[in-house]
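Per-chain residue numbering starts at 1, and chain names A, B and C are given in the order in which the chains are listed.
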Amino acid sequence: MPSPTSSWVASAQAVFTKDWRCELRSRYALNAIALFAVTTLVVTSAALGPAGTNKSLAINVLPAMLWLILLFAAAAGLPRAFVHEEESHTAIALRLAAPPSALFVGKLAFGVSLLLAIEALVAPLYLAVMSLEVASPGLLVIALLGGGYGLAAGSVLIAALASQARGRSTLFSVLAFPVLMPLLLLAIELTRNAVAGDAAGPALPQLLLYDGSVTIAGLMLFPAVWNP
Amino acid sequence: MTRTISLGLRALLWLVMSTCIWGAFFYAWSDPAFVGQSSRILFFHVPMAWTSFVAYFAAAVWSARYLWGGRQMRHDRAAAAAVECGVLFGVLATVTGSLWARIEWGAYWNWDPRQTSIVVVLLFYGAYLALRSAMADREIRARISSVYALIALVVTPFFYFIVPRITESLHPEPVLNKEAKLDVDPRMFQVLIASALTYSILFFWIHNLRARTQALADAREDEPS
Amino acid sequence: MSSVSLAFDGLRRRFGRVRALEPASGRVAAGETLVVTGANGSGKSTLLRCLAGLLAPDAGTIEHLEAGSTLSPSERRARIGFVAPDLAFYDELSAGENLEFFAKLRGLPVARAGELLDRVGLPADRAAGALSSGMRQRLRWAWALLARPRALLLDEPFQNLDAEGEGTVRSLLGEHLESGGLAILASPIGLEVSGAVSHLELGR
């Protein structure tokens, strides 16, 4: 008889695998996210030109634009994690069969991996297209990882809430923006520091604290969201 | 709330509010460090802002009580009423605050930390109310909006240490903290405290009315047709 | 096999202004079947969803006992077998992959999926999105029985099934009842069920 912990992990893993298998077969979210990200990138590039040579623009504006692109991308694809389950009525079976915390962790892992995959596509493209030179690439990677995690975690949690209401996609943006704002500000600050070659500063521990808080809040509150 | 208490509370409110308005305009001195008589607006602005923040916290507490205190609808009604009153007081605080900022600093809006924090609170309030209006079922609405109120509470403290750091770097001139200077003059301090008390009672009054009206509306819906 | 019983009293549920379920009471013990009938909109599906733990009733109590102890709502959700017309599966996965996913979720051996697919007569490799309505119903039955539940809540259980399919699931139901399980069936039209049967008619 497997121990409760190992079967809990197996349940979370099953959710993660199932979501990726469905996603790779339909490619719905991947297409939506990639399309949004690339479109916004094209618009940014066309509007600003290769702005990296303009030092002031590089430090003040470009980090913020990168994270706005990632925010749009997240809003385009991550809500599907829960909204699709409700709309196709597979949520009924999940409610009865899945332990809520394992379900949340599985969905969280899916969301994070999806967003990190998109970041791996978007960030290098962005640096190239905008001719942006980064003084501390290591710090940039940390910003992308920590910020990406927070963006995905917050989005998945809010997606769970929004999926229980009507007008789900518009409602998601309304609910998510105030919640994600601190994360975006911190990620932008870290990215700015990476571009300028400054130290990470207090933004890094605060970003990690945000990531941790949203994760714990999600674990504690998700059962109340998912089940009556 | 019995009729006697209700009447007594209304009478009390009339009395203290009139006193405060008189005190704000006639009893307290106008702070000469401020432009003209503009310091008087603070007797209204500060208590309303403070009450709006308290309402925010109260909504989260009632939401927690709903979720883990037996799923009683009265807690959810109290949370929703707190948010509605919080919006009222928060919007008024923002308007009076930016009017004062225009007179004092020349600009309606500065992203000064206090202005930023009230905007954040109003954003969350708006999102909460939008969420509620998107759910018709009472049980689901109570449960989901309670969770959102708690998420908001978890995330809000982050604004307090992030935004000042960013605005400092963008706006290096120091933000003038006039409120501290007000404490020096005893008359102004008295009116401020009295005003804070008055607006708290006003909030309690309006909140109570709102929660009770909703309870009646819910009971009406429950009646067998 | 541990004993099981399910009792409910005064269950009510509204959706906005609509009173979906008027006070409903009943009890079922091991080996028994409760057949719930009523016109459209009388609350049969709502009742079953409340009993399954998918909906919280506005009023009333539910007591689900297994092996002498009362189950909490989350335990109820995990232990019951549920069939309903809107129960859906992942279109992108095959029937076999769907059941294997749910087996893993519940901590069951993956082989159980194949076992049940054989039992209901479904090919494992057809995409769930490509199944006919009758085959989907068979898949629902297979899914419901994965964890060998002691209580079955069945909303329109024989819908869309051909004669062979209905025969298969009826024998599954019979086996379940014989081994001491209980069942609650809901249907707008009358149902012939063998064994110890009681009836509950919901009405406005």
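Basically, a contact is a pair of C-beta atoms (placed from the backbone, for glycine too) under 8 Å apart; a residue touches a chain by one contact, two chains touch by 3 or more.
As the structure is a prediction and not an experimental result, all values here were calculated from the model.
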item: Chains touching both chain A and chain C; value: B
item: Distance-to-centre winner among chains (Cα means, whole assembly as reference); value: A
item: Pair joined by more contacting C-beta pairs (A-B or B-C); value: A-B
item: Most remote chain, CA-based centroid, reference being chain C; value: B
item: Rounded Å distance, chain A centre to chain C centre (Cα mean); value: 37
item: Gap in Å, rounded to a whole number, between the CA centres of chain B and chain A; value: 32
item: Centre-to-centre distance between chain C and chain B (centres being mean Cα positions), rounded to whole Å; value: 49
item: Residues within chain C bordering two or more other chains; value: 56
item: Residues within chain B bordering two or more other chains; value: 136, 139
item: Sequence positions of chain A contacting 2 or more other chains; value: 228
item: Sites on chain C touched by chain B in the complex; value: 14-17, 19, 56, 58
item: Footprint of chain B on chain A - complex, ascending; value: 157-158, 161, 164-167, 171, 174-175, 177-179, 181-182, 185-186, 189, 202-203, 206, 209-210, 213-214, 217, 221, 224-225, 228
item: Of chain C, residues touching chain A in the complex; value: 52-56, 73-74, 77-78, 80, 82, 84, 86-93, 97, 101-102, 104-107, 143, 146
item: Residue numbers on chain B that touch chain C, as the complex places them; value: 71, 136-139, 221-222, 225
item: Chain B residues touching chain A - in the complex, by the definition given at the top; value: 67, 120, 123-124, 126-127, 130-131, 134-136, 139-140, 143-144, 146-148, 150-152, 154-155, 158-159, 161-163, 165-166
